[in-house]
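Same chain, two partners: chain A is paired with chain B first, then with chain C.
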Partner chain A sequence: MRERLVRVAGGMMKSLSRTAYLCVANDVKQGSSRCLSSVAEPKQSNLRQVFRTSEDDPRAHTLDHVGLFYKIPETEVNSMFKGCIHPWHLRLMNTFNEHCLMVRKPSVEVNGYLKNMNFNHPVPKFVYYGRRGAGKVCSLLHTMHFCARNDWIMVHVPWAGQWVRGWNKEVAESTHKPGRFDLPMDAAEWLSHFRIQNQNKLKDLKTTSEYIWTKREKADVGTPLDEIINFGLNRFKFSSDCVGVLLKELRLQAAEKGFKVLVAINSVNSFFVPWSKENTLKNSEKKQVLPHEVSLVHNFKKMLSPTWNNGAVVCTVNEGSNDQSLREDYTPQYLLGQEGFEWFDPFVPILVPEYSSTEALSCLSYYIDRNWIQNEHGRTEEGMKEIMFVSNRNPFNLYKVCSSL
Partner chain B sequence: MAASLSTVKGLCATASKVLAATQCSNLFADHIAKISVQPVRQSMYNPKYVEPIIDKATLEKGLDPDDLRRHRPIKAPTTDISISPLFYDPEILKFTNMMMKAGNKERVREVMRKLFENLKHMQVEKYNKATSESEKAEIECNPVVIFKQGVENCKPLLLVTRVVKGGVAYRVPVCARPNEQRFRAMKWIIESCRDKERRIPMEQKLAWEIMDAYNNQGKAIRRKQEIHRICESNRAFAHLR
Partner chain C sequence: MAALSRKRLTDIHKHLINGRTAAFARLFHSTRLNQQNEHSEQQEGEFRVFEIEGLKPVKTERFARRQKKKPPPPRFRSMATDQDWTDVWPTASTFKWSAVPFPVRQGFVENSSENEGVVPAKYANLELMKPPNFLHLTPAHVKKHCDALKKFCTAWPEGLETEEDCRHHFPVESVTSDYVFAAPSLRDDRARVASIKLNLSDLELDYHSRDKFIRLVGDRYNPDTDEVIFESDRCPLKSQNLEYVNFLLTAVYFESWKREGWEDQKELSDMESYFWDINASRKNMVSLLRTIKEADEKSPEADKGLGYLPSDVANEDAICQLEEVQQYKVAVEELFNEGENIETLNNYKAAVTKLLNLKSDAAV
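Coming up: the complex of A and B.
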């Protein structure tokens, strides 16, 4: 049974009990979508915590669902979300034997904007920002899920930081333009990621101009995009160029053909901020390769420019992708730097805060339901309060504290 | 002294009998769990110091007007009573300290955290995938219980000491004291993990080892059995102690 309730021991904190009670009240009003099952026990009857919703469609999520977990079907986890979820999170999901995400306010807000947006204007840009471990990536996942259900085409970068660092990586001179550098392996990896995410969506897309790779090899007008991807995967040398071609075609055709494109980039600030000198990318002359010299980054930056429409850009900025010396603040202005901020402007910054008391309680209840918190004291009201206090209700800290209990 | 020696010998003799029959580890469980009481004579505190109040509810009530604590110095609360049961367990603390190298406790605590996480991942996954209630009831999910049972299973009952009599060194089986049992058990678990492949993180190796020990298998258990075997073969020397 999917709809479940967990009764939290009586005598909760005042504010908590009120919000928890409100949740129940909403449930009763909505009736069919979430149902209550209560086993009558004399002392604990009044206070309950709802932590699950049976509403699996992110398009239907409203502010009523904030703080509740919804289930992602197995098929979508293996296609849409492949390589998107953090390893620790995925491991936790596998252990729980179900893939659940919490609906949170920032992503509900962005989804609402995307629902009511006029897409004839240049692409709107949203930036999730917040402290480390606050759930920026999970908010991004929720937005992506929303767009995938609307049959948008996904242009998703799981972690942009990968493209500007790595001291033992293959870096080749660009085949397209001298002075730029290709990352053949990374580009090929992204191409396969793109293909997995957009199965069945690329069928009727064809190129609109001719692309000449070498003297003998070229792609004529009207080549299917699938073939371009295959070419990039077979000839690693040209994989970065294939990415460029793919993105260009998507930009050009989005408005004409009437499909929508979501550009979702995790930790976009690494496109603009050079990584530290020790383990940065180096070219064959052992010189540092700056982010704007990497052809992949160059191509993706074009997706952020307001030159196209019928799409949306949703990004996150992440302290962890910056150099150690540049982690003082978590605001987009600081993290993107002067250049990045100007490139991005105008955009809508969206703060991803730490869990509220209701959300934290719902998360803990979910952990208890999945048998994750084993400590006897941790299952009591007192213990829950202590966990919340120790973790400061930061989602990642909460997970970390609970991981050993 | 003589009396205690004789009891030790007596215990030793009975112990080897038990050993021959089955596992013999639960004998001293009560002794280990006992909280050590600080004797007055060796106390760091001046006798004027009074005990602190730990319970939060009592603290909130406030002190009585004629309470001694109003005008006497108060002892600092010890770790074991002031930390909440979420984060404190004497046995785990002992294990952490034994694994620590060069005072780098932070790192070892991280290893311990991940160890419990790994244990939980192993068991909770089975639990959540189990279909029937009876299956679920069989699976032990609590990592602390698994850890403690694992250590318990590794505890040796007898150990050998070297005794020189008439210019000949004998390996004499002796009864292991509770503290020594615990020390040996933990040491063997840690050492058997340090021997393994270096590329694998310590927390993973420990998780496997403790899971094995929980099921009475693995390197540390074999080491215990080895010691027991030596004791059994040297039982003729038991009187030399």
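Coming up: the complex of A and C.
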């Protein structure tokens, strides 16, 4: 019954009506840090805009849920979403004492594609693009959540730009192939990220070929992938190679063993566009290391080629990861460049727009509900309109504007 | 008695006349003196009263001034609404406020105290007299001029009614200028410049020669209007320059039809625009479709496979001629040649989802 109510309300909200409805979700804990101060309850405490859905399963999200917030369980935040959420966003979520994401159309659309896709075909590729702060990463999170609930294996890169820049980062000559460069620390960090994200999913996976690290050390056929990860974490020297092995085995076994793999890379354009600022990576000869020379990038680029199946690639392109001179547009082909486009082509570009007025209203109602907006004027209809105008309904701008109210 | 009385009478008369003259003389002195005298006569034997000047109103006599002649009302007040304007303003002349029958304001008002903050009207307005006006070039004037010139004109040639007709029959337009002025010399340097203008579409060119023509002429070609302009001032005479630009056109035209050996070495980066057929995209696409075909044959899934693929995918050209692939090709070429915008990206998205048979319930 409650579910039906939410859906009906969602449908009404689509027609942009601004009537207040009875709040359906009443399991909200009023315990945010701001609530601790002696702030009087708002006047419209029992009449609220519907901005929540009790449907916590992203698999069940449809267009009717667009603009509504759903709650991510604490366990998943600490496993699946560990290190995935922007620090500012995570801080906000912690302040609110709950981890809520808004269901938005781009991610619902991509989830729909993933639902209906043919897993015998080579991996399809989806690229989220949009203005800064429009919610590309949050759309990616929603898709990841959808896949995690379907027991997919996550191959997630929180920010690809990290692998092509860094002050005084350790850059070692590749142990696998001369001319390439390893980033031992980054590779180890990613391995642990991978392990945390895919707890309990790697048990039955074993290597299918022999890998020789040194004269004395090797991984025989049938070594569990867990052990490969452990080896990479113990021997940083080989961590990049372990990443390569892991990805290769996933590609090979995805079809045979029948598990599904989601490759989710944030700001994938860093793989193709050299970063030439001062903090670019330099090798021992103090020469710039280009992205394609980094073994991590090289290995991950293989995941983008349509040579394997039973998986999907969902990426975001981000203008902030490009050089200053290449930030004029936010469209995928411009950001990826010719080489990147050829790697991705054919891909499905998915635009992540700014909030619609319904979504912005829902977000503001959520902020008001969490006592994030305490200014009396900000809680009125006129105030909300003003906030929407000032922030241009850009999600990040909206947060910035509201954080001082 | 009579004699005496006559004598007395004459004396009295005399006396009277003298007294009168004395009185007249006194009258002529001044009115104030007269008054004082009158006063003194009234209060004879007492002190004279001191009159304070300005205490009592003083009657003064004024000479009647001759009335100034009033200027006639401005001419525009008495103008008829259906008058012939060309008679009022026959030739170019400075703005005359009284002859212009419409209200007009001009000038700068610095603040609200100046002229009560209102821009000055036309009366005695210097700002209206400074700029040249076109009151002598109204349609009525032009019509009169044309009527006067008509008898010197010949009939317009038949078949050249529209601009398009003119361009079709006379595709090359040459422009030269003559300069007339009063100076010791009749020569003017600028008169030697000659230029010709033509539309590129009027030339008979194929794809290669058109591309080469555009590359050869450089910025003389305007892609927006499709016009080519050759201009020359290198020769001393106008006729020489005109001949030279004609030569240029001929030379460039025949040169662009030639195909040199080195032109075949054109690489992908030299291409004037994006061609899907020679780019990596086509190769990737064909191999992808072949892989998909293989997968479909191995494990056919109704509704989720690519139904449009032919049973034999060995022929690369046949694959590329498929409708879905052609649509995709157009979308990619648009994406590169037109640039990325919402429309081309949506076209590309639609083409890719159709090509790979991707479906979503939430897709538009």
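Simple rule for what comes next: the second predicted complex is superposed on the first by the 357 of 405 C-alpha atoms of A that agree within 3 Å, B and C clash if a C-alpha of one lies under 4 Å from a C-alpha of the other, contacts with A are read in each partner's own complex, and residues count from 1 in each chain.
Please note the rule applied: a residue touches a chain if its C-beta (ideal position, glycine included) is under 8 Å from a C-beta of that chain, and two chains touch if they have at least 3 such contacts.
For clarity, every value in this text was computed on a predicted model and none was experimentally measured.
Of the two partner chains, chain C is the only one that A:His121 touches; chain B does not reach it.
In the superposition on chain A, A:Gln199 makes contact with neither chain B nor chain C.
Shared-chain residue A:Thr214: touches no atom of chain B or chain C.
Looking at the superposition, the partner that touches the larger set of chain A residues, chain B or chain C, turns out to be C. Of the two partner chains, chain C is the only one touched by A:Pro346; chain B is not. By the document's definition of touching, of the two partners only chain B reaches A:Glu376; chain C does not. In the superposition on chain A, A:Asn283 contacts neither chain B nor chain C.
Once the two complexes are overlaid on the shared chain, A:Asn234 sits clear of chain B and of chain C alike. By the touch criterion stated above, A:Leu63 is placed in contact with chain C alone, chain B being left untouched. Those residues of chain B that touch chain A in the complex are listed here as 84-86, 112-114, 116-117, 120-121, 124-125, 127-129, 141-144. By the touch rule above, chain A contacts chain B in their complex via residues 91, 94-98, 370-372, 374-378, 383, 386-387, 400, 403-405. Those residues of chain C that touch chain A in the complex are listed here as 279-281, 284-285, 288, 291-292, 295-296, 298-299, 301, 304-305, 328, 332, 335-336, 340-342, 345, 348-349, 352-353, 355-363.
Within the complex formed with chain C, the chain A residues making contact are 62-63, 105, 108-113, 115-118, 120-122, 124, 306, 309, 329, 331-334, 342, 345-351.
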